[in-house]
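The following blocks contain the structures, represented as structure tokens.
Look for subunit A in each of the two complexes below; its partner is subunit B in the first and subunit C in the second.
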Partner chain A sequence: MAVVKGNSQGSQANGAGGNGNGRSTWPSRGKGYSVPGSGVTFPPLRNRLKALVVDDMSACYRYERAILQSFGVETDVAETGEEAVEIFANGAYYDLVLIEKYLTIYAMTGVEATRRIRGMGFQGKMLAVTAFTSQSDRFEFFDAGIDAYLIKPITHEMIWPYLLQIDNQIA
Partner chain B sequence: MDALQLRRQLIEYTAELFSEGFLDEQFTQLQQLQDENNPDFVVEVVSLFFQDSERLLNELAKSLSQQEIDFKKMDAHVHQLKGSSSSVGAHRVQRSCISFRDFCNAKNVEGCLECLQKMKHEYSLVKDKLETFFDLEQQLSTTGGSPPPP
Partner chain C sequence: MALRTRLHNYIESLKEEGVLDSQYDHVKSLQPDDDPCFLVDIINNFCNDADHSIGELANVLSEPIVDYAKVMTLVCLLKGSSSSIGGCRMAVACRQLHDASVNGDLANCCMAYDKLVNEYYYLRDKLKTVHQMERTIMHNEERKKK
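After this line comes the complex of A and B, so read on.
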């Protein structure tokens, strides 16, 4: 059984339903985010987005979840590739997946998990979020079906364009 | 020490942590994410970094003590440590991970051993510094002082 660390309110991985694919079609409860002391403000998202962070480093996923939650994105966590794949196999829906390359050592990598999730028909945005970059790592991930490759740590400015793109694609 | 003195001390200490390269801008990002809904966010994430680091440094030491060194496993572990340290802004630990990875890719065992000692040292230093930082914050909070903005 996949163990999913959800929002503090204990949200489940399976979507609330609404348009048949498990995603919520509620009006936006997204909040805008103002970066303290910088004058930079990101407007609220129109839709209630849902994200999955796949990383087994607790400091990393705790931080990434906080960044997404600050935009009002409901965010779950899976610590292994196997958990992430099982979540999707159980019919969960996400608008966005952030996935690290190295998960539990010698178990399923983020690359393999990406390939399997895409193989199940998931067409949402998948971003590799990883600590090092190399040509071969990038090639492997893009070949598996990732949409973009980001280097840790992610920032509001880095993730915002992807959230905006997803938000704008939803009617 | 009164709240004003403590606040000044905290500001100076924080500036030192940045100027000496122990912390980078990412630490400020953590502080900016802390709010009334997540009042202990920075301490939580840093504590997780401490846990991640201690485990990974032990794993690296264990790997380097084996007859047959598994460089692929060490590469994965240092990758994870770099990720964790970058998430809290532990700049010097992060940089030592980059050096370790270079030695690991070159299968240079001596280089890895030396670099691991440096990583442990940098981790120990930043851990002490951060614990002092949180201690000062706690003292300031106890005296009723308001924390300086990040």
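After this line comes the complex of A and C, so read on.
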């Protein structure tokens, strides 16, 4: 199975030292994030991570993008499964994908998009983010290739362990 | 400052009513310094998405043979959207429609749909008031800077 090597335009455009996988090796410029009113502070990530949010509902993807950006994660959005698949087919690289199960009633579901993205060799973290869950839903989505299943709305506390795991895996 | 206080009190009253929950404050806290329109834009996005999905639901439920998979898709999207913005009562109404559609119960689906629409319209009206107050505050702050 071929590994997708991204050509992350953002990091190349900024002249950063890449590591050949299209991923920037800058240290994160974030200062960490303190969740207001909770006293919880997340330390800054060591690496500049890149994420893709796949969701049809603009309020949802704007919210999820804001959460990721608050951690210093560069975040793109795809509003359909087809768009997400095309992004990967064009060679883009992401460390993390958040994907809604349902997307639209007329086109590719999140499950199918996940299957196709994995089929292209993407080995990064893929998290399902959706409003309802049933055992059959979970089974179907895990079978397609997601790594975890989160219920909306996501929070900093929910997403942090995955970002930390990704961050720690990068040398 | 008086308008900020009124807005704060208004939102607290919506929380006491159960229309909004603390998720709304969480969304507001994510507003970046360089994007003062973030919150008003998310409110707008929510209303536009929900208007569209509610309309689609009406179409799907009025078909001679109801496609319950489509109903579940649309209600899932609505629940995700409403819960992301803190619209907890609307999210509960979505759950009721979802449960009715899982059972393939058209009568209950229609009742649950009517309840969902009522909750949405109520939430939308309240959010429009919040939206107007936020925009006025933004406008006043812009004028102070000049």
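Note that the second predicted complex is superposed on the first by the 154 of 171 C-alpha atoms of A that agree within 3 Å, B and C clash if a C-alpha of one lies under 4 Å from a C-alpha of the other, contacts with A are read in each partner's own complex, and residues count from 1 in each chain.
Please note the rule applied: a residue touches a chain if its C-beta (ideal position, glycine included) is under 8 Å from a C-beta of that chain, and two chains touch if they have at least 3 such contacts.
Being a predicted model, the structure only gives us computed values, none of them experimental.
Contacts of A:Ala131 after superposition: both subunit B and subunit C are touched. By the touch criterion defined above, A:Pro36 lies against subunit B and subunit C together after alignment on the C-alpha atoms of chain A.
By the touch criterion defined above, A:Ile105 reaches both subunit B and subunit C. Counting contacts by the rule stated earlier, residues 35-37, 55-60, 62-63, 66-67, 70, 100-102, 105, 130-132, 152-153, 155 of subunit A appear in both its interface with subunit B and its interface with subunit C. Subunit A contributes residues 35-37, 55-60, 62-64, 66-67, 70, 100-102, 105-106, 130-132, 152-153, 155 to its touches with subunit B in the complex. Contact residues of subunit C toward subunit A in the complex are 23, 25-27, 29-30, 32, 38, 41-42, 45-46, 48-49, 53, 56, 60, 70, 72-74, 76-77, 79-81, 83-85, 91, 94-95, 98. Subunit B contributes residues 26, 29-30, 32-33, 38, 41, 44-46, 48-49, 51-52, 73, 76-77, 79-80, 82-84, 86-89, 97, 101, 149-150 to its touches with subunit A in the complex. Residue ranges on subunit A touching subunit C, taken from their complex, read 35-37, 55-60, 62-63, 66-67, 69-70, 100-102, 104-105, 129-132, 152-153, 155.
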